[in-house]
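Letters A, B, C, D, E, F, G and H name the chains as they come in the text, with residue numbers starting at 1 for each one.
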């Protein structure tokens, strides 16, 4: 990595979400991206490969998402800040390596730009990869997933993702969607160190200095175990660590969560509409509020339960068929606030949709 | 707040004028965003663009009902129907689209942009005429700031051929007056 | 059976027909014609409002149908004319 | 003036025309060869046609025969899956160089190995067309693509993939492996015919790479398109039959 | 398919679970299996390929699970009763085709023998593929999943799975695990028709008789859409159909669910221990009961909620880290019965474990 | 009597011996050649070693160098992933014919294509060893396996895979492609040395298939094992160098 | 109900005797099941088998504490430690394992099965001697039904060499009496 | 440094040592020895309680170390003896 700073000071910029990812990765000190084209994340790769030459970062287009995912794990194992980006069927295909990253505690970073599903679906937009991104693979969801809602957040959380990954050594995700990926809007880009954000130094898990067997023992990393008991011990240990660090990681925001007549819950880009709608309705004197998980894995369960408990009614709005609602209900088990869902799988949700639904709930 | 949906055939420059508009808004310190649509085909689909310009924060990147719809071909007229509401101003190129659509909009305005471009200016600035009409109808952007953004985006072309600048500015103004006539 | 709009041009050896609803104005036919017969025209516009093509004159076309073969959109039909002598029969 | 009909092959599904491919796209020429051969061999009622995600997907309603649109790179397992289940069908798959040589190369390799009695046609346009022009396994040295914006470096990504040569090297003598080009329609049709014939004879796997054009991502006009095909691409990819288990070896 | 019946009348047999799958598929009229080796399902393939020759069925070993999954879809599209079997990382990898099966309503049958996870985990056993099997891929979980607990059920539900798939045209799963796969135990095998089980005839979705364009229109099947609205319509339609048929499909069993002090919930092989433990405790006069979902997707929500509501306390026992508990809590949102979990990821649970946990709950 | 030490190469991790492989397994011989060459080239401190799920996994603690156990077929992307990130490392992957020619063949094909500067050694034992002896892409005609219990039919599954030949056909002249056999240790070591050398020179991808033995799944005794290797397997697979970008072409 | 864990080296025939036991139980109309363990290696791991025979329904296929543990090698003794509880009868081959393990079992019995097999019978029937001891200790299966199951499973071998039958039955009986001595 | 149990056999040209904790009794060495020197033995058992191997006599071994080379488990060590003449020096 060269010493030249990609971003000096603070700058307003007008970018697409995909461009924002690439610039944030650059500013966040990413060393290498491995990727395979898929709409709507292509432009992350395009931008990255276009802007890196002066900074001595690397890019490899692999033969498929399986490879991109495994190579991404490899880059991180080798001690480099490594990332990839994918979507939809590519995300499904990449679960195999993501699952290895969970099992081996590999601090690889994944960018997910959700598209319509199932299967090829559309190349446009959805929130139908929530379950897949938070709990995909044959594992237990040892992943940290930031669900962003605007370009500023894309920038901030992409930088943060590298720090989270390398601090806690769980695979870390920034989850956006096709709308955000292709949308052009303004944000402030900056050099994180200048803002006082300490960037965590990556550490190799293989290939450390010294001759193995002479200067140090060789490192032998595995993800398979001979006995049930061995795997069990690993599972319990990692789960406990995941639970322990969750308190440090979870992020959420809420408004008027003290005692709203209706609390609206949503994540990612849908939150923009929720935010707008709730603001408008509050202006109109309606007693409504919102709760938004920023980390969808782990979830800020305490804040969530609090908000749900205080509300008279809850509306979960999402561009999928209840993937968020299912999680909310599981996390809030034991509470009795009625929860209803507004689901537009693969379609955008606008503020007037939210207002209409909330008002219908208020009337009931 | 202005929500503008632009639609046309590939090559008509729809995305370019969306870009100029949001650049102008950005320069004016307004909130602005623009979402191109993307279908499956690389070519041949209707090119759509969702532009929003506002003094306050912008919500969803894609809206369902437009304040203004611009449709530049027959297919574009059909494709944009879903974005038309009772308060929408619907503008179409009446050179290319003979019949005025019977959408339940606030206003439906036919602009002979193609005709004017071909006859009075140049077919190349067809989209700038359209830009002019949008600017006029929305009134949300300063003409100077649009001109500045236009200039920025065509800087290199203008450098090579200084006459182009004039041509484009004329097109812009002509778009503005064309729509004034029918408003 | 679907009806396609068409324009036909008579040349000595061929009837050159173009189906504007199929022509996308790619120009492949123009470049592939061994006799450089085909030229752009704007009197008839293609499906994407592009110019379409026509034979430049009545003499050059040899009715080889290369253009027809290579048009990816089947927008050209070449009908070979019977040789004059056979006409006399 | 009597009504004239365009020479749309019977094998094309006329209702879906004009088709969804870009102006000047090579796929149209390939599809013309395919439909003509299918008509000549009179096998339309036996056809099962599979397509990738990739520009071939745009042919989901192109033909007058049953079509399955699959996933990127997965046309091959879908059509051999059909063939194994109902061997009386003629199973054709068409996909791009990304689908065939990158994400789906294990399927191609394995179909050649197992000598699946299916016919795969791969459009080599040296880019990922549908996703907007990224690097493909066939991208030429120094070619600019969206993911090699400064030109593809051979040190980084190697030489262009030699597909039919690879297929032929895998081992079976019964595999038909050839490379056609959209600028030579006669030859192309001959290769398509033989590809089908090798399946009809139940002899073996048929693989045809076709040098195709993508004027959209190449950003070429018609003249440049033909030139690039005939003069540049053929420097890296030699049209011809690499392995022909049918007697008649292709001379030129 | 030849007319020879693989099983005449009823017969006691002593088989492994994997052998049972193969015999059931044969008796159920499966035409073709596509598969890729992975422990612990290998023996399904071994047995199938060994026993089919007299019956004119087919087998293809593919190059990977992606291929096996897509070919499985293809076989069903072509109108053949087609199935595959996989596990663990193979199941993760096979999500891409499973997702296509959901999107195109392909009646393919999948056998899942869960092994330890995440990643390679162990080749032995777990219940860690519940989330993956019910909600894997970039979709909405349009799948029917039977979670079996003994060899008789493996036989019964494998046969049933073909009928369910071909009746409702959703991909259908029989989910077991490595223990059941390798265990040898007794069961009754039979010819389903002789038992009065009507086997549903498969119908091709492509390649029907007649010349397309002459005798019939050509069929053009897709899983991708150009517009959000198109995909939305498909999603809503399929979801409604899935919901509608759920009432016909869901299966569950319960004991003493009227008013138990502790209700134990578990699925699959763990239910065997629950069953034993509850029986023993009831003998001892304890007021305990159980609820067991047979279909884990769709879930028998009505019966589940009823059972949970009536209970004083609920214990969810599973060989995974709360995958079932999460679903139970989501389905039971609004109820207030305390739910606790007993999780042994990748390890077997025995009756004494259950008894101990239940007694601890009773004491609290 | 003075204490004697077995001739375990320095490159082996002695604490893990006796190793986990079956009695008479060919992997042990391959690993001996590898360790001796690593010691001779003195590259232990630069080694990153990747293994599949497949019997190679049993070497997860075999060597005295850093090891990553990956997934079935995924050793290749993991080690080229490392190489691209830290090019100063020497990246070696060892896996089976199932991992290399079936589930991971896209990675092998692509590594050859992109000329990844890594070294892949594939143990060809004509079966899936670890999972108990199913069909592999290399299975011989009529060979009985668990999934071809009546013998592998060529009509159904084709001829045995010609791996190094395929790798060589893909296109790059800088790829080292060879086939060794565990019964010819001198040659095997030479090929291993050249494979490493091609990476050390930063020239290109190195691929070495080794005809290996699996007495467990073959159900052979020692005599039959050697005979099967030398007399039967070599009928279908020719040992030698298929492509050698280093000057010294292998004569015999 | 009997829960029996058998462990030994590959080739000692552990799985074979588990199979014979459950077959005998099946023939007697009992509930029976047997779960082999499978590790990663094809060879070289300790071979384990979990057998359950019962008059009532059987719960989990794998149990945590055995009624009877049979360990036939040093590694098997170590590997089976976790299945030993205070009520377990632990049986090991004291030819191969010199020291009696100090597990907190109900009983720990050393059986010279290898010795007896090699000296009095044949090393091939080593596992059948073990089968005899298990049958004796559990008492859950009839000797005749075990003999029948044994015969069934070795039918072809017995046909080829009728002496084998006698040898095997002798081994079975010898196993039964060996354990009787130490019980 | 780990110590391995071993047994050594002196032959004219070599010292043949076997490490029973490494020998798995596969027999590959027996079949690979060009002089058919190696035979089974049960006096020393291998790691899996299998028979191990030894040279059948003192004459046949030519100290070529083929057995050592091909033993997949490094269970054999061949030490070549200096030629008798050198012994005299």
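In this text, contacts are C-beta pairs under 8 Å (C-beta built on N, C-alpha and C of every residue); 3 or more make two chains touch, one makes a residue touch a chain.
Not measured: the values here are computed from a predicted model.
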item: Common touching chains of chain H and chain G; value: F
item: Chain whose average C-alpha position is farthest from chain G's own; value: C
item: Inter-chain pair with the most contacting C-beta pairs; value: A-E
item: Centre-to-centre distance between chain H and chain D (centres being mean Cα positions), rounded to whole Å; value: 60
item: Chain C-chain G separation of Cα centroids, rounded to whole Å; value: 88
item: Rounded Å distance between chain D and chain E, as computed from the means of their C-alpha atoms; value: 39
item: Contacts with 2+ other chains: residues of chain H; value: 24, 48
item: Of all residues in chain A, the ones touching two or more other chains; value: 39, 63-64, 66, 89, 96, 100, 119-120, 123-125, 223-224, 226-227, 229, 348
item: Sequence positions of chain F contacting 2 or more other chains; value: 21-23, 53, 57, 69, 71, 102-103, 105-106, 109-110, 132, 137, 157
item: Pairs of chains, among all present, that meet the touch criterion; value: A-B, A-D, A-E, A-F, A-G, B-C, B-D, B-E, C-D, D-E, D-F, E-F, E-G, F-G, F-H, G-H
item: Complex contacts: residues of chain H adjacent to chain F; value: 1-4, 6, 8, 17, 19, 21-22, 24-28, 30-32, 47-48, 50, 68-77
item: Footprint of chain E on chain A - complex, ascending; value: 66, 88-89, 91-93, 95-96, 99-100, 102-104, 115-126, 128-129, 131-132, 135-142, 223-232, 235-236, 239, 320-323, 326-327, 329-336, 338-339, 344-348
item: Contact set on chain D toward chain C in their complex; value: 1, 3-8, 12, 14-15, 17-19, 21-29, 32, 182-183, 185, 215, 221-223, 225-226
item: Residues of chain E that touch chain F when the two form their complex; value: 35-39, 42, 45-46, 49-50, 53, 59, 61, 63-65, 89, 119-120
item: For the chain F and chain A complex, residues of the former touching the latter; value: 10, 13, 44-45, 47-48, 53, 57, 60-61, 63-71, 74, 76-82, 84-86, 89, 106-107, 109-110
